[in-house]
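The structures come next, written out as structure tokens.
What follows is a pair of complexes built around chain A, which joins chain B in one and chain C in the other.
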Partner chain A sequence: MDLRWHHFALWAAFIGGMLALPQFVSSGTLRTIIFANYLAIFAISWDILSGRTGYISFGHPFLIGIGAYTTAILTKRFDIAVEYAIPSAVLMTMVGGLILFLPALRIKGSYFALVTLAFMELIYQLVQVIRPDLTGGTRGMSGIPTLTLGARDGFYLSFSLMAAIALSMWLLMRTRLGTALSAIGMNEESVRGSGLSTTRLKLFAFLTGAFVAGLGGAFYVHYLGSIAPRALFDINFLFTILVAALIGGLSTVIGPMLGAFFLTFLLEYLRPYLPGAERYFIYGGIALLLYMYEPKGILHLFSRGLDRWRERVSS
Partner chain B sequence: MNHPLEITNLVKKFGGLTATDNLSFVVEKGKSVGLIGPNGAGKTTIFAQVMGEHRQTSGSIKVYGKEITKLSTSARVRHGVSRTYQIPRPFGNMNILENIRVGLMPDNIWQMITGNPDLDREEELALSVGFTPGDLMKTPSELSMGDLRKLEMARTMATDPSIMLLDEVFAGLTVSEIVQIADLIQKMRKDGMTFLIVSHDLKALEPMVDSAIAINYGAMIAHGTLDEVLANEDVRASYLGGTG
Partner chain C sequence: MAQIIIQGLLLSGLYALIAMGFTLIFSVGRVLNLAYGSYLMIGGYVYFYLTQLLGVPKIVGILMATVAGCVVGLLIYRLLVKQLKGDHVAIEISTLILAVVLQAGIVLLFGDSSKILLPIVPGVIHVGGATVTFSILAATIISWVILIGIYIFIRKTHTGRAMQAVSMDAKGAAISGIDSDRINMITWGISGTLGAVAGVFFASYTQLSPSMWVAPLIIAIAVVIVGGIGSIIGTLVVAHIIGFMEILTTAILAPEMRGVFTMLLIIGVLVIRPRGLFGREEL
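Moving on, here comes the complex of A and B:
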């Protein structure tokens, strides 16, 4: 693992800076950052599963939904403590990740993407018709126990979770495993031809992606205190996750974080001018332009700028 | 006696088409065998069956006496058989060292996470196929076809094979690149590597092989030294499109 002191210095500066943020910004901004944190978690998990391996999944809300619904049902309907409900939710999401993985044994590309989209639609229909007394049916559930009170606590919890996930995934992806997963996305046959079991590697990616998605989904529902199937299994929610990872920088951990913050604040700052769904046109346009002119994402823009600055300083 | 590669009565059918027709041959340890035949003769299909990319309809493929027909591609590679492709298949966003790193990795997720890349071995392999230290950070988009073939050779060697299958190894290369790749193969032959080589460039192939097998319509039509095979009437007819 190629780790230098400046990597840890940058992480420490980022985490320190963010933890100090509540001293300087309003509660409204903190609430926006909370959403950005959760979006970052979802985008990181999508990137591990899809960005690295090239198996583009349109079914990510399926995984997030399993995590969210499991903990919501366990805590609200069965009075199970959150410290047991969340791990159970994560385990259930990993089972969901295993189910999502099965089509990846046979199909890839656009066919795989379409099948995963069907998973999202399937769970949307299931939570409405199967045991609506448990899931809340079309109306969803409210009164789910929350873990924090106020924006400040919510920010600390969501940021700690996001930072812990991002740092551990960043460390994991800097190992040879990260190289192997990225290699699958570039040429799966060559990975097999290099003597590596792509089935095992993909399974690991799917289970890890599901683990992170389940964790994020479970904590998110305990932040919101409610769950609404129409919002959770919504195509806009899915595309926000995908676009965050795409415009931030695929096959990286920092990229999806950057993309999530960029998108959340963009949508939030557009709100006074375009209160309706028109905002999505603007964000779609910006995402399209960014992706056309810098397909490697915002992270690559930053690193190119940094390289130019270094060259200028050294000359 | 166990050989690096032993193919017996191999048959591959795609619907009504017989791509490999009851083929049997042996590649002995340390020998280099040329596999020749006109376009569509079924040479690459044989490679694909040896690697498990296509499942044979019937027949046996053994590597050092072990039947490998039920193994996955990655398991076959770990068993010592490795191939290069007619069109190189590098990892596009990785530099030369990272490409080779994939070939050097253990097939064990825990070891991938806990172990460090063998940077010295990566560099040694890259330099051994003719890259210079200045090339090592280049990505495939910056490499010529000759360099891409060298990269593929290096990644294949990284898997520590006992037999290498080289598919159209001289295709698309300039004269000087052919010389470079030929020198590399000769060097590896001296080190005891076993080869099965497919090439349309018979002139370049000649010094590379100890013997040759000619196939047409998936069936063996001649075997012996390359000169003997090329002198065979059926082989000449197959290349010229006659009936023999």
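Moving on, here comes the complex of A and C:
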């Protein structure tokens, strides 16, 4: 493990700074940050599953949706306490991750992405038809118990969750396991050739990705208090997650976080000028250009700029 | 019973037309163009704008829609697909992003609400208890004409045979002196044109809305995945399987379940037999 003290100093500064934030900013800004936090969680989980291993999943809302729906149904329809509902939701999502993993045994690349897309559309249609008394059908559910009241508490909860996930994933990815996962994305055959079981590594990546997605989805639904199939199992939602991870930088933990904050704040600043769905136009345009010309994301741009600056200082 | 057969045939003809352009690109360039649904959307909206807002004759509207589709297809190939140089996953991701961008563009121009297209050919006919609008009948006939035309084009003409060659082995085709870039350009142009025509008819079958590109894209994906690479006959057969299954599930189970079979088909075939039912040995 390549750990330096200044990494931890940076993490501590970041977490400390964010925790002090409610003292300085308005609750409107805090609400924006809450969304950024959840988006960051989803983007990190997408990156674990897809960004590292190269098995691009277009069905990530499938996993998030399982987590969100499980806890929503358990708390709302069966009056089960949130302490039990969220862990069961995470477990269910990991089962979902297992389902997603099965096709990954046989196919990869663009075909795998299509299968996951089909999974998402399938569950979108099934949720509306099968047991609408439980899922609320097309209209979804509202009145799901919320965990926090007010923007400040919501911010603390979402940020602690995000920071805990980000930090543990960052540590995990610095181990040999994390290196092996990224190696699968580069060349799966040679990972197998060096005597590692790619199946087990992939299974691990899928389960971890599903774990994080389920956790994020469950807490997110308890923040929103409502759930609807079209808001969740939607290509636009997938697009937001994907774009956050892509603009930030794949195969990093900081990248998706950065991307999520960048996107959410961009959206917030665009709101006065472009109130509706038009902002996806700007979003997507930026993402597309960046993806075409700088596939490694903003993080890479930053670090390259930093290197250049260092060179100039030292010379 | 007669009603199911008639409706199934009509819907399947439309689906075959929708899937055709997607099959062509996938066969020749091995590229899954997730922005394909946008061609349909653009075709539909161009037709709507010209005929219903400007009052241009319908035939001119359809022609302009095809021109728009062709141009968009060529632009996507030039500016996006060619730049990514055969990185299939990157093409898939960027075309998906592009599709959402185009959807947002449509919202920007025409607003969020869905629009009803006036029937292209007004009139209704009753056949064996089924009500058949002339619009969908015309769509089916035109789709069959186009399908047969494409089949002949690919089998008989020099360019069509070059397309087949590139589809089988791009390197081998290049050695035989085929300019695969030119062939790809032609294919993307044809694909955009077909998509736009299909879009006009698809929009008159359902309605125009900024999110109308998703459903035909999924149908096209299903048809191509199940039909297999480079198989026009496969496309035709699978379009009929999916069309009939949709009509049957609508009639027997529930209209909301319409797409479930299509999704299961995609998942099942990709997991069990990734080269498709009619495709060449590959992958």
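Everything that follows uses one rule, which is that the second predicted complex is superposed on the first by the 315 of 315 C-alpha atoms of A that agree within 3 Å, B and C clash if a C-alpha of one lies under 4 Å from a C-alpha of the other, contacts with A are read in each partner's own complex, and residues count from 1 in each chain.
Rule of thumb we're sticking to: a contact is a pair of C-beta atoms (placed from the backbone, for glycine too) under 8 Å apart; a residue touches a chain by one contact, two chains touch by 3 or more.
Here the structure is a predicted model, which is why all the values come from computation and not from measurement.
Looking at the shared chain after the overlay, A:Met292 reaches chain C, while chain B stays out of its contact range. When both complexes are overlaid on chain A, the residue A:Arg176 reaches chain B alone and has no touch with chain C.
Once the two complexes are laid over each other on the shared chain, residue contacts for A:Gly284 go to chain C alone; chain B is not touched.
Contacts of A:Phe204 after superposition on the shared chain: chain B is touched, whereas chain C is not.
In the superposition on chain A, contact is made by A:Met186 with chain B only, not with chain C. Look at A:Leu242: by the touch rule set out above, it reaches chain C but stays clear of chain B. Between chain B and chain C, more residues of chain A are touched by C. Counting contacts as defined above, no chain A residue meets chain B in one complex and chain C in the other. Residue ranges on chain A touching chain C, taken from their complex, read 54, 56, 58, 102-103, 106-107, 109-111, 113-115, 117-119, 121-122, 125-126, 128-129, 235-236, 239, 242-243, 246, 276-281, 283-285, 287-288, 291-292, 295. Within the complex formed with chain A, the residues of chain B that make contact are 51, 53, 72-75, 77-78, 82-83, 89-94, 98, 101-103, 105, 107, 109, 112-117, 155-156, 158-159.
Residues 32, 80, 83-84, 88-94, 96-101, 103-105, 107-108, 112, 210, 214, 218, 221, 225, 254, 256-260, 263-264, 266-267, 270-271, 274, 283 of chain C are the ones touching chain A in the complex.
If you check the complex, the residues on chain A that touch chain B are 1, 172, 175-177, 179-180, 182-183, 186-187, 189-201, 204, 251.
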